[in-house]
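Please go over the structures that come below.
Same chain, two partners: subunit A is paired with subunit B first, then with subunit C.
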Partner chain A sequence: MAWTRNVMRVNLTKGTIKREPLNMEWAMEYLGQRGLATKYFVEEVDPKVDPLSPENKMIMTTGPLTGTMASTGGRYSVVTKGPLTGAIACSNSGGFIGAEIKSAGWDMIIFEGRSKKPVYLYVENDRAELLDARDLWGKSVWDTDHELHKRHQDPLIRVAAVGRAAEKGCLYAAIVNDLHRAAGRSGVGTVMASKNLKAVVVRGTRGVGNIRDPKAFMKAVNAGKKVLHDNAVTGAGLPKYGTQVLMNVINEIGASPTRNMREVQFEGASKISGEAMHEIRKSDGKANLVTNAACFGCTIACGRISVIDKNHYTVVNSPKYWGASGGLEYEAAWALGNDTGVDDLDALTYANFLCNEDGIDPISFGSTVAAAMELYETGAITKKDTGGIDLKFGSAEALTKITELTCRGEGFGKIIGLGSRRLCEKYGHPELSMTVKSQEFPAYDPRGIQGMGLAYATSNRGACHLRGYTVASEVMGIPEKTDPLTTDGKPALVKAFQDATAVVDSTGLCVFTTFAWTLNDIQPQIAAACEGDWSMEKLHEVGERIWNMERMFNNAAGFTARDDTLPRRLLTEPARTGPARGKANMLDKMLPEYYRLRGWTPEGTPTKETRARLGL
Partner chain B sequence: MRITLKLFASLQEHLPADARNQGTEVVIGENDTPYQLLDRFHVPRKMAHLVILNGVYLNPPEREKPVFKEGDVLAVWPPVAGG
Partner chain C sequence: MLRALKIEPEKCTGCLQCEMACSYENEQVFNPSKSRIRIFNFHDEGRFAPYTCTQCAEAWCLHSCPVEAIVINPKTGAKEVIEDVCVGCKVCTIACPFGTVNYNHDSGKVIKCDLCGGNPACAEACPTAAITYVDIDQTGLDRMRAHAQKTLPQSAQAA
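And then the complex of A and B:
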């Protein structure tokens, strides 16, 4: 079965906690995690709901393979309506708390309402209670984690918490678990704080059983682990260089958005790359990278653990940051670095530490700072607005100062916390906001990787690489190489990636396995663990169903085909260097075919036939 | 002619000790191919997954052809991915 079949429903308004059986009919159609929790969400929540009102709900959810022996089976997701976008939000995280929730005997926890005073949820297997968090309010994630471990006198509890940024209304606040893993995008942490829920603390000792055919499962799991081990990406490249190995690749091919996406190549990329993290610093004789790290059950271990030079200006007077902690992943390094023009590796690492410490999405944050820097350059923002910060592109000091302010929700950091769209509108230049559906872009320029333009424009949670990562095919040749500079075949490629990713996100496994695995490697693991029909055909159908369900929620929330677009800069200002020189993104050549392949009307809504075929 | 060879990730170890920013300038013959150049630096052909000439991917048959011109940049990676 793999599912525990238990759902915990926490009503924060009433202070009640109830157990209810998992809806197994839905599980057979939506699998788990992203798919199943979104099904619960769309059934229970009005699409027009104000994301920060008590009427919005927030679901922490595991997948059927979370907490099992499957490699990378430690994932959980948070599903809600996002305050940054007003669209469906589903943020996925690793670390250990996902497996702990499952091990405590729960598939998902549904939070509804709003507590009158700050509380945290404490779960120990069957026992769950809401406890007073008034003394934790105003503390960072790291201080909250430390305090909760001390209070419960149990080193094995797992903590997911929000920091000061979420409390102060930063619209892209994250929920951080295990100190430096995060459900990072779309502001799920802001929703959690709006409910006066400071943390979720879990201790599970039951283990995860209920496997339909344990022998077949272990056979499938071991076969999958061998594939990951033998693959050059998951067995060697990712453990050694992490996702940061992409910094030089993407820059070299001219698809690295730079200085608020004005340019497509960053001259400082090699200084902040995965290779650079291995280099010994002249200043203290140490490398930025201390070691790699793995989440629960992961045999890839792509995580970065870094140290900052103690004499670096950012930490010279702050011993708190002298220890090793979660280092730069590619997306954070890009957003904090290339997009702001900053090439100081230790400054970026410090900013990244702060994003973890107080729980903000470094992608949205870095991109918003980049927009502010362009506004500053044009004179739309002055030192009067920034509180004296000289917010120039390339200034590490300005970046780290504004990071401190945003994480604490102070001064100009409050404005940066609103995100790029609201910032640019406030200062009269909406065209400078590099966003789709109000969410900031990640690290791949759609002028140099054409398919990603379509993936961004149609992503159900706003600009995002993790909803359809065609970079794998267009750049890395996984599963096969396509030309990043053309639009041929991209609508079908985007659809295939979107649907397959929706399945992976519903299993409890990490999407990084798909650099080595296809659904053909994942299917035997699901089929052996879960009751029901989990053929390849069924999985493809489930992925497509999930995508359309999310789309229909967004349509009902007010999104239309007009929102499936890119900022004018990316559609009309050609790249000035690199292979994409002279090219803008050719979205109009891809979108109509994409709608047709999806079975949607020209207005971007699933047709009656499509809904009937998918049971929606 | 002179071109720049850049080797990244685990292929860095094949660069000469004085290489900077993962790259080194090399003198090659007019008919040299990318694979011949990689052979010179003892880069196993099977590890040359992403072979990128001036930012543009070269598929395996193109790596057997004399594609270079003065001032080109050839950048090579083993299989890599991220996100």
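And then the complex of A and C:
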């Protein structure tokens, strides 16, 4: 069965909690997690809804393999309409709370309305209640987590919470669970805070059972674990260096966006790389990296646990930050580092700790700071705006100061919290905002990796690497190598990655498995765990259905083909160094073919035939 | 040859595969809260530690049981709980100095590691060999070898 078949519906306006049976007809068409929760969402919410109004809903959802022994089977997602983008938002997180929700007996929790006063949801198996959180309001995620553990006198509860940034209206606030794992992008934390919901606390002791064919499942799980173990990326590179294994690689191929994406290579990359995190510091004789760490059930263990040098200016007077905590992943290191020109590893680790402590997306945050630095350089922003901060590219002091302000929602940090598009429009330079559909770019420059340009332009949640990671093919040759500098075959490649990722995000598994796994490795695990027909053909169809469903929601929300584009800089300013020198992104060579392959009109909407074929 | 679980905390990533394997072997459900082996996360130190019954030769739990529900499996040396005999009095949970015997309120009995009859599911599931099942008299062999290597001349160490 794998699904618990229980949905919890929490109406925050009325303060009611109800159990309803999972719609199994939909489960057969949308599998779980991203797909199934999005189906619930589009059925229940008006696409034109104001994301921060009580009429928006927010769904915390697990997949059928969440909480099982399938490697990486601990994921959950948050589905809502995002306040940063105005598009469908679906943010995925690891850690342990996803499996805990499942173990408590729930497939998903639907939050609707808005509580009059701050509350948190406490779930202990089938018992659930809304408890007063007035004293937690104004606290960081870390302090909230600490206080809730104390209050419930239970070391085994799992906590997901929003911090001060979300409360103060930062549009890219995250929901942070287990202290440093996050449903990070598109401002899902902002939606949670807008509902006066401070935290979700879960203790589940029922476990996950009812696997359709346990013998076949364990066989498939063990086969999958072996593939991950034997693969060079998932078996060696990721455990040793984390996603930071990419820092030097991507920089060398000239696809590392630098200083608000003006350049494609960062001279300081090696100083903030995965390799650098292993180096012993002269100052205190320790390495930045303490250990790698796994999320629930994960046999890769790419997570970084780091310590900051106690003598570093950022923490010398703050013992609170002397302990080990979630360290730099590639995206955070890049956004806080390369894109702002800062190469101080301890400063970046500190900024990353703060992003976790108060729950903001380091990608959107770093990119917005980068835009602000360029505005400062051109004189559009002055010290009068920044409150005296000398916001220069490369200034670690400026970066850490603005991180503190943004996390607390104070001073110029409130403006940075609005994101790059709103910032650049406010100061009269919309062209300097490196965003798609108002969401900031991640760490792969589409001039050096052409397919990613199309993936960004067509992503259903704005610029994002996790909706179609053609980097795998274009850079690493997974599952087969394509040339990153040409557009040949990229429309089909992007479509295939987008559809397959939609499936992975609907299972409860982590997308990082796909450095080693294809759907051929995942299919036997789903088929053995879940009742119903889960052939490869069916999975491909499910992925395509999910993608089109999200697209139709966005179309109804007001997005058109005009929004499937990239900032002018990436289309007209060629890379100046590296292998991509002389190249801009050639989106116009890819987009029409992509629409055709998708079965969409030239206006970017699914045709009647496409909708009929997918049952939409 | 009797064997024992050998635990090397420095290799543990905190993934809980062992807890799931244990609960699945014993309870037919993936449920860390019903696992006989537990992983502890010392967050601020960035350390993980797997912990379970060491199968004491003179087992406090066995001696304290008033109904003789804990017996030695001669094949594995494990101290096993006979569920039908256990009355759930929990005296063994008090007697065990390490806390590795625990009450299961669903069954009203205690649970502890029984080495899965000689094929421990936790060791099988561990992706990093932080838990292995080795000759009971030689659990220190690898550590001895590593230190012995340090006594070699420089050139041999490099090889």
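Everything that follows uses one rule, which is that the second predicted complex is superposed on the first by the 616 of 616 C-alpha atoms of A that agree within 3 Å, B and C clash if a C-alpha of one lies under 4 Å from a C-alpha of the other, contacts with A are read in each partner's own complex, and residues count from 1 in each chain.
By our rule, a residue touches a chain if its C-beta (ideal position, glycine included) is under 8 Å from a C-beta of that chain, and two chains touch if they have at least 3 such contacts.
Keep in mind that this is a model prediction, so the values were computed, not measured.
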{"item": "First (subunit B), second (subunit C), both or neither touched by A:G341", "value": "neither"}
{"item": "Partner chain in contact with A:G94 - subunit B first, subunit C second, else both or neither", "value": "neither"}
{"item": "Which of subunit B and subunit C A:A293 touches, first, second, both or neither", "value": "second"}
{"item": "Partner chain(s) touched by A:M69 [first = subunit B, second = subunit C, both, neither]", "value": "second"}
{"item": "Contacts of A:G451 with subunit B and subunit C, given as first, second, both or neither", "value": "neither"}
{"item": "First (subunit B), second (subunit C), both or neither touched by A:K240", "value": "first"}
{"item": "Which of subunit B and subunit C A:G35 touches, first, second, both or neither", "value": "neither"}
{"item": "Subunit B versus subunit C as contact partner of A:P362, first or second or both or neither", "value": "neither"}
{"item": "Subunit C-contacting residues of subunit A that also contact subunit B", "value": "none"}
{"item": "Touching residues on subunit C, where the partner in the complex is subunit A", "value": "13-17, 20-21, 23-24, 27-34, 43-48, 125, 127-128"}
{"item": "Residue ranges of subunit A in contact with subunit C within the complex", "value": "67-69, 71, 96, 99, 103, 156, 179, 204-209, 214, 218, 225, 229, 239, 290-299, 301, 303, 305-307, 323-325"}
{"item": "Subunit B-facing residues of subunit A, complex", "value": "231-233, 236-238, 240-246, 248-249, 252-254, 270, 274-275, 302, 329-331, 465-466, 469, 471-472, 475-478, 481, 483-484, 511-512, 515, 578-579"}
{"item": "List of subunit B residues in touch with subunit A within their complex", "value": "6, 8-10, 12, 21-22, 47, 49-50, 52, 54-57, 59, 75, 77-83"}
